[in-house]
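Structures incoming, each one as structure tokens.
Each of the two complexes below includes chain A, the first together with chain B, the second together with chain C.
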Partner chain A sequence: MRARRHLLTGLISALVVLFLWAPLVNAGINSFNRDILMAAWKGATLLWYRTALADTTVKAGLGQTITIGLATTGLSLALAVTGALWWRRATARGRRLFDLLTYLRIMMPEVVFAVALFLLFSKIGFPLGTLAVIIGHTVWNSAYAALIVQARVLTLDPALDDAAADLGASPWRVFRRVTIPGLLPGIAAAGLLAFTFSFDDVVTSYFLVGNQTAPLPVVLLSMIRFRITPEINAIGMMVMVFTVSLFGAAFLTVSRLGRGARRALSLPSLADQ
Partner chain B sequence: MGPVQVRVAARGAGAVKGKVGRSIRAILALPTIGWVALFFAVPLVMVLVYSFATISLVTFNTTFGWTWSNYRQIFDHLYLDTFIRSVLLSVSATAGCLLLGFPLAYFISRQTPRRQRLLLVLVIVPFWTSFIVRTYAMENLLGPGGPVDHLARLLGFSQGLVLLYTPAAIGIGILYSYLPLMVLPIYVSLERIDAALLDAAWDLGALPRRAFWRVTVPLAAPGILVGCLIVGIPAMGEYVIPEVLGGGKTLMLGNVISEQFLSIGNAPFGSAIAVVLMLAMAAALFGLRRARKLEET
Partner chain C sequence: MNEAFVRLEGVRKSFGDLVAVRSLDLAIPQGGFFSIIGPSGCGKTTTLRLIAGLEYPDTGRIYVGDRDVTRIPAYRRPVNTVFQSYALFPHLDVTANVAFGLVEERRPKEEIRRRTAEMLRLVQLAGRERARPRQLSGGQQQRVALARALVKHPLVLLLDEPLGALDLKLRKELQGQLKDIQRRVGVTFIYVTHDQEEAFSMSDRVAVMDHGVLEQVGTPEEVYRRPATLFVATFVGEANRFTGKVSVADGGRYRVALDGGTEVAAQGPPGLVPGQAVTLIVRPEHVKIEQDSGAGLPARVTDASFMGPVRHLKLESGRFGTLVVTQHGEAAWAPLDAQVGMSFNDGAAWLVA
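So, the complex of A and B:
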């Protein structure tokens, strides 16, 4: 009876994994398909990749996405690190309130938050565009970053900071030589995630970009809405490879840097403060 | 100095720093608090205020006041359909995620650690793929001449099966995009279950089916609850999936909000719908807290 149930769950699992991959594999195959209607296989071509790479809207969109992503990452990390340093020594009550703000930002349906910010900006006359999108992305990206950096802060022993201060290091030196190295894996993972989330975002960008250069996902959304071309498959595949690598890097960073940072924090390195 | 003395000295230094340090530390919370207040709290309060205002669709003048007319309008026949469709689609997509996700999470949790890692990668990589790309890939799959259409013809349906631009397509799209969000928390709670508990149940004579329903499922309940919330709540306010797979009609609340703000310019009505979605989220946060309590006990 046990074996039979494992067979059944195994079968369902195989079908579910197939379901998760089928659309992506289909889009991947069609990105090389010569048939413009994508109805049948008419031979392999790199035409769609060439079209995509030559498309100026796509190129401008990619540049815009990267600008927004980098600025969002920097701002989110600044908020998350300062917040985590406060959180580290905050009272239980303070922590709970701070965490509530974090979870509210994560759980809020994005469309609600995006129109709210759209409403604020249009009423106070703040121009929509790149800066508006960066501000919006930072609101929810800093929440994810805060969770990751705070998780890291929990593993650090505050006595290390105190010991360094006691041995004569200035507060700035303690921060730079003890706190930051300890937080580094968290900062790296949070930064990579913030960039990837920002890179992937459609809704906040769509509402706040106004009539400035649209970031890539918004470009893709309007392409999908108005015409279907195999070019989108090619862009999709390139974006997929990029975001999967970024996420993978974020994932590996946590485990890799974890060991390195622990070594850097071991007591001998404190002696040369 | 021995380690104990270092600790004592350090604590002493901390106490001295405490007086000056407290105000410095408070400053550290300011960037986050300020950002959240300015760009999160203020806009949402504005939405709340606007949801009780009225707008003249001739002059576009907003009159602030306390009227429930925007909320009543949600339940007008024109928008009631959209409201019901949003609720039904998010509930059925969540149920679908649970039905497909639980067996998969269960299967993964019963494998050797090596195979668990491999299977988790297979679940996570599609989730790491760009959201818009995944939705587009689904459009390809469900469209005319796509694989689903082909398959239906092969199975003898001469008309084929074009699901694209129907509510069913939106449901499948949500199910597809959110499925990993259901699998992961359930897997985490299943993986934590002590195998000895199941052995004990069997030793005490429980049939596997009974042990499954009386031991495994209750222990996985927190994961199931978290999965249902992180799928169901964003699904209610989904914008991109109905926009792409529903063919740009105002099929869900997220699209109505967007239309009211960006095309029609009726911010008060759009705000009222936004407030309804916020209330759904508040209910979910409350549910999450209950889930955490459940986990603690």
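So, the complex of A and C:
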């Protein structure tokens, strides 16, 4: 009886997992499928990858995505670091308010911000396009970045700032030589995360790009509406490999950060004296 | 040498409602080992941070040498600090930690290398140049912190309980090394600690603080033998206290009528007048015990502990309560519950108002 129930739940779980991963597997297989209609397997080919890489719209879209991603990452990090440094010295009330604004940017549906920004930009006459998309991405990416950098700020020892000042470092030099190196793992993780999120964003980009060069995810969307070809599968696969590896790098950095913080907390041993 | 090198004049510092230092006047001579002692919260660390420039006073002035540094920020003051938690930079190795301050001075690379290596030899850390702070033991970290501050050739070195986190044996060893290093480099050391013994063993002069107020400054001997206040008398070592009134005053020599009814001779600060209420301080090593309970004041031994070089006794004396006694030598001993006669050297009793 018991074994059968486990069998049932196991079966359902397996089906769910299969269902979740089936599209990816399907896309992966078909990106190599010679059959343009993707109806049956007609042998392996790299044709679709070649087509995709030769497609000027795709290439322009990729360039645009990277431009937006880098700019978003830079802006988000600047906001996150300055915010975290303010947060470090803020009163409890100031901190709560700051945290509330951060969490709101994460919890609010993305489409709400996208529409709101679209309306605001139209009203004040701010042109839609690359810059508008960068601003839109920064709104929520800076919130994720802030959370990560703040977590790192908590591990900084304020006595280190005193020590650096005592040794002759001006406030700017303290920031350069002590604060930034201390925050570096957090900055790296936040940057990778922001870039990854910006890279695969559709909603904000779609609303705010106007008639300028569309970033890759938006290009994909319009390609699907026009005609579904194996080329889309190939692009999807390339984007997936890229984002997964970026995300993996971000994850590794964060987990190493956690270990570093634990190590910092363990007291030096006196036994080996 | 006796001229004040570091001077604090009417310095006051508060944090919100908490007054950490109130109206402090302090003069610290050049080239010596000066300690500031007091219980936690007495304002000693704040005083140190005021001299370092890590805090600014609400009122008053601070001078180092002839220079008024009251409003000079920490990074432009000719003083350096060894912090209680060491505050070593975790992302830099030992060499880079020690060289940190010289890099900020934009010294030539060659000079930085030479001075850093020299300093690492002085603190016996040669061979650990590439280690990160977390790979070092507590004692080694402490020496990196010391080297990092001394390599700047400061006019004054400030030390904030630098041995507080170490175990007793290591602390004793490093006390000796600190004293030795101070003599060799000749820099003025200002050392903050709550440990009176530690301060006594190293210092030329000691300042005692309590509740943000300076209670007394003097050599360890002066502070121990001639405490200015009751607080100093009890904070610095153990003290038997007897209340009474001055009956005869003759310069620094007095006779005191104790509340228990006995009159004794004592020394004290000038200016006490007959009739004035005073407290008589007798250190444990100045209490004499006779096996004959008829000699001196009668008392009973309630506790005895053997400490090696000395024995500690507790006596119960009806009129004067509990007393602590330290005995030296092998002859001196009194069994538990023994009835003894107790007295003390006239010269050893000291009065505080």
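Observations on the structure shown:
The rule is simple: the second predicted complex is superposed on the first by the 235 of 273 C-alpha atoms of A that agree within 3 Å, B and C clash if a C-alpha of one lies under 4 Å from a C-alpha of the other, contacts with A are read in each partner's own complex, and residues count from 1 in each chain.
Convention: a residue touches a chain if its C-beta (ideal position, glycine included) is under 8 Å from a C-beta of that chain, and two chains touch if they have at least 3 such contacts.
Every value quoted in this text rests on a predicted model; they were computed, and no experiment measured them.
Looking at the superposed arrangement, the partner reaching more residues of chain A, out of chain B and chain C, is B.
By the touch criterion stated above, A:A146 is placed in contact with chain B alone, chain C being left untouched. In the superposition on chain A, A:L128 makes contact with neither chain B nor chain C.
Shared-chain residue A:L47: touches no atom of chain B or chain C. Judged by the touch definition given at the top, the superposed model places A:V202 against chain B, while chain C stays out of reach.
When the two structures are aligned on the shared chain, A:A169 is found in touch with chain C, with no touch to chain B.
In the superposition on chain A, contact of A:V244 is made with chain B only, not with chain C.
Of the two partner chains placed by the overlay, only chain C lies in contact with A:G182; chain B stays clear of it.
In the superposed pair of complexes, A:V16 makes contact with chain B only, with no contact to chain C. Once the two complexes are laid over each other on the shared chain, residue contacts for A:D157 go to chain C alone; chain B is not touched. Note: residues 159, 162-163, 165-166 of chain A belong to the chain B contact set and to the chain C contact set alike, using the contact criterion stated above.
The part of chain A that touches chain B in the complex is made up of residues 1-2, 5-6, 8-10, 12-13, 16-17, 19-24, 26-27, 30, 37-39, 78-80, 82-83, 85-87, 89-90, 94, 98, 101, 103-105, 107-113, 115-120, 123, 135-136, 138-139, 142, 146, 158-159, 162-163, 165-166, 196, 199-200, 202-203, 207, 217, 220-221, 224-225, 228, 232-233, 236, 239-240, 243-244, 247-248. Only residues 6-7, 9-11, 13-14, 17, 25-26, 28-33, 35-36, 39-40, 42-44, 46-47, 50, 100-101, 103-104, 106-108, 110, 119, 122-126, 128-141, 143, 145-147, 176, 179-180, 207-209, 233-234, 236-240, 243-244, 248, 254, 257-258, 261-262, 267, 270-271, 274, 277-278, 280-281, 284-285, 288 of chain B touch chain A when the two sit together in their complex. Within the complex, the chain A residues that touch chain C are 157, 159-160, 162-170, 173, 177-178, 181-182, 184, 263-264, 268-273. Residues of chain C touching chain A in their complex: 52-54, 73-76, 79-81, 83, 85, 87-91, 100-101, 104-105, 133-134, 136-141, 148-149, 152, 166-167, 170.
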